[in-house]
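Same chain, two partners: chain A is paired with chain B first, then with chain C.
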Partner chain A sequence: MLENFSFRTIVEYLPLFGQGLVTTVWLSLLSFAGALAVGIVLSAMNLQRGWLFRVPAKAYIDAVRATPLLAQLYFLYFGLPRLGIILPELVVGILALSLNSGAYVAEIIRAGILSIPRGQVEAGVASGMTYVQRMRLVILPQAFKVTIPPLLGQAIVLVKDSALLSLIAVAELTRAGQLLASDRFMPAEGFVTIAAFYLLLYYGLKGLAALSGRWLGLQPARSSI
Partner chain B sequence: MIWQQLQSLAGSYPLALRGLGMTVMLSLISLVLGTLIGFGLGILRTGGNRLISGLIGAWVDLIRGTPFLVQIFLIFFILPELGIELDAFTAGIIALTNLAACFICEIVVAGIRSVPTGQVEAALASGLSRWHRMRQVVLPQAMRIVLPPLVGQYVLLIKDSSVVSAIGLTDLTRVGWLVVQRVPNGLLVFFLVGLGYFIVCYPLIMLARRLEQRMGAAHGEVQL
Partner chain C sequence: MTNPSKGRTGMIEFRGVNKWFGALNVLKDITLSVEPREVVVVCGPSGSGKSTLIRCINGLETIRDGDLVVDGQRLGDPATNMTRLRTEIGFVFQSFNLYPHKTALENVTLAPIHVRKIPRAEAEKAGRELLAKVGLADKVNAYPAQLSGGQQQRVAIARCLGMRPKIMLFDEPTSALDPEMISEVLDVMVAVAEEGMTMMVVTHEMGFARKVAQRVVFMDAGAIVESGTPDEFFSHPKTDRSRAFLSKILRH
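Presenting the complex of A and B:
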């Protein structure tokens, strides 16, 4: 019963929760870096005129968006060994998160670039700029600004998604809650505590997103996270 | 060897159908309930009562700030401690409905706020009651903003339903997990699982895109 909610046990397990939190943070950071790399490559492919790069990029993005992360995670977890690639669970998890979030990041970057008014491009052309100069000096600096808040929104999604890695036995925050639940039969203590830690991360990132919007002089966009 | 695997896979198609059925049922029930509750919450949230609006806002933030997996565990393991007995299916429905309702609430709030105040004032001046204002003036105009992300939300809901496999429900993802223990070909098995979701989700993604374009075009917003 909840009258017996044991703060003492939570304090006792605090080092475990701390480790889990630290693992969740750094594996999310690594995955986000991976997602940025995947997203930049995909959006560059997606903005090409020729179909050779555009079609595979689009197909990849659609495939990722139309299937659950958990199925993708299991695809890699059970599928990679089949190809003779044996990786630790943690690496498989980071790979899955990067490949999954990368597709969403690609869409954010593409929307950012397409949000630049055509007049800007035309002005660049009229000033005799080359394609690379236009991209580097006109489009990307403006697009960069617009993409920061939605990218932080994607970071929030990624942190929450990382909880699924507990299902392939990665020792992150949710796993710490599961351990407390199964070792001591205290699911309430375990899961309420990790929920609090996730909320901490959520409000931190949300605050950062709001701040970045103000720094960049953007309207406080209502993100759909 | 691949032939044997294919045969073994073909043998487990009744299981796969059951899994697909479970995924569709979970998604459909929580989609309908979540939409109804979400609209109700959204209308209450914009209703002007500070206390109710604040409470709904806080709850939505709690749900948006925690992983869905953690929410399922909380519902499945803690409600029984409070004396509410429930099986995995009910727990899954509650968790999914709650998640959908919270996200749809936010979408509805954004839609209602997008309606110009002049419209509401005109309705007030015409002597329409609160209910009629909402039903005949505000909501029809809000739907233009609400519809595309609403369909997108349904896709998220179907995908999130895969997470309930963690409490032992035999949905499509769980079936993949079960089959891969017998047929050791993770690539093939989870490709097929993914295909199952893709067939359901992809048309909805396309629909959301079309709606977005059409709703934008209908109001003469030029996409640059």
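Presenting the complex of A and C:
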């Protein structure tokens, strides 16, 4: 089997894979930035006492978490033009990833904020701080620390999810693999190569997560008992 | 009655205050006046409502009915700016609640700088002086996790003093401490009391009560059962409930 495996073709297609990799990296970065923005707004809405903001935020988060990303992607890709909104595939892709990942980011941020002990809020209240001062000076700096590792985990998920954008013809990494597979009828070469590149991205982000944990003075999770 | 600040000298005035947690009447018809510079110790069995009582004073808990007037301002009145009033009231928690991401000095200066709007240099100078006053001049740059319980509680007291409050409330300030650290915290509280601070202290530390309190208030099941000078209360308790309580805390 391996004698049929053509490393030469992979090398020949490396520039294409390189372009795909670069596209995957920057579209993931943009999408993650978008997801952070969406997540911050949603979590702020979700932490309100009144239902006016909380209920829509919860409904949105549930809707996103309950439906497949592929369905959401097609919903935007085929749905937006019906509303007269014509956007390039890449923009639709980044939008879909931001809106999808934002729901998960919102829950991560909310959990981080709620993990700060009640006594910290009370200490701020007792010293006469306003809600905004408490958030800015006391709660968020502490919550930030505990949300970094799970946020990087979500970034890893987002990078893998970005493979779905190949289905709306975005020239990212998976699309490069598909092209090799269909041009030369070499699916093994195409998909093994992109898998290797995703693995590379995964280890990059994982390393970043470990580093950030050390910077922030967090203990690494135990791997055994 | 309608103008609560008129003709009253009390720094803290409870008048017929009631509070419920669900169906539970946790404060029952509380009437109590604390004069400026007075030190009042509140004691009573667990669940008697003493923490709730002092938490109402700075609005950490809200009351159902009755009047609570603090520094001439009626709580729950739309004209009362609660955030502003809280800057006049220091609150020391049983579990310290220091900000773990800030050093001792930053803990003390955070609210003065951001709430009182005192210039940073001035706030830091005052903060160092306060930390020296509570015996922690060498711990200015330490984080709470690097401090013992007694040291953390002293930072917490300095944090309150940094706001130059008119009133200090203490919610079982030594209950979470190892025995050998209790006196270092009580010494600081005695010093604060001797400077003329209006204080309400929830504690069972009788030595402290005898030394600085003008009055001991005994609570049981949400009501004030007995109130008197420390000597009266500890030596001649008037009710069965206070006698039963004292026999329990004095046994050891």
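Following the convention adopted for this analysis, the second predicted complex is superposed on the first by the 218 of 225 C-alpha atoms of A that agree within 3 Å, B and C clash if a C-alpha of one lies under 4 Å from a C-alpha of the other, contacts with A are read in each partner's own complex, and residues count from 1 in each chain.
Following the convention adopted for this analysis, a residue touches a chain if its C-beta (ideal position, glycine included) is under 8 Å from a C-beta of that chain, and two chains touch if they have at least 3 such contacts.
What you are looking at is a predicted structure, and each value in this text was computed from that prediction instead of being measured.
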Three-chain arrangement built on chain A, chain B and chain C clash or fit: fit
Partner chain(s) touched by A:Tyr203 [first = chain B, second = chain C, both, neither]: first
Which superposed partner A:Gln48 touches (first chain B, second chain C, both, neither): neither
Which superposed partner A:Leu137 touches (first chain B, second chain C, both, neither): second
Contacts of A:Lys160 with chain B and chain C, given as first, second, both or neither: first
First (chain B), second (chain C), both or neither touched by A:Ser182: neither
Partner chain in contact with A:Gly128 - chain B first, chain C second, else both or neither: second
First (chain B), second (chain C), both or neither touched by A:Ser6: neither
Apex chain A: angle to the C-alpha centres of chain B and chain C, given in degrees as a multiple of 10: 100
Per-residue contact with chain A, leading partner among chain C and chain B: B
Overlay on shared chain A, then closest C-alpha pair between chain B and chain C (Å): 14
Contact residues common to both interfaces of chain A (with chain B and with chain C): 117
Residue ranges of chain A in contact with chain C within the complex: 117, 119-120, 122-123, 125-130, 133, 137-138, 141-142, 145
Touch list for chain A against partner chain B, complex: 1-2, 62-63, 65-72, 74-75, 77-83, 114-115, 117-118, 160-164, 166-167, 174, 177-178, 181, 187-188, 191-192, 194-195, 198-199, 202-203, 206, 222, 224-225
Residue ranges of chain C touching chain A (in the complex, touch as defined): 58-60, 83-84, 86-87, 89-91, 93, 95, 97-101, 110-111, 114-115, 159-160, 163
In the complex with chain A, residue positions of chain B that touch it: 62, 64-71, 73-74, 77-78, 81-82, 106-107, 110, 149, 152, 155, 158-163, 165-166, 172-173, 176-177, 180, 184-187, 189-191, 193-194, 197-198, 201-202, 205, 224
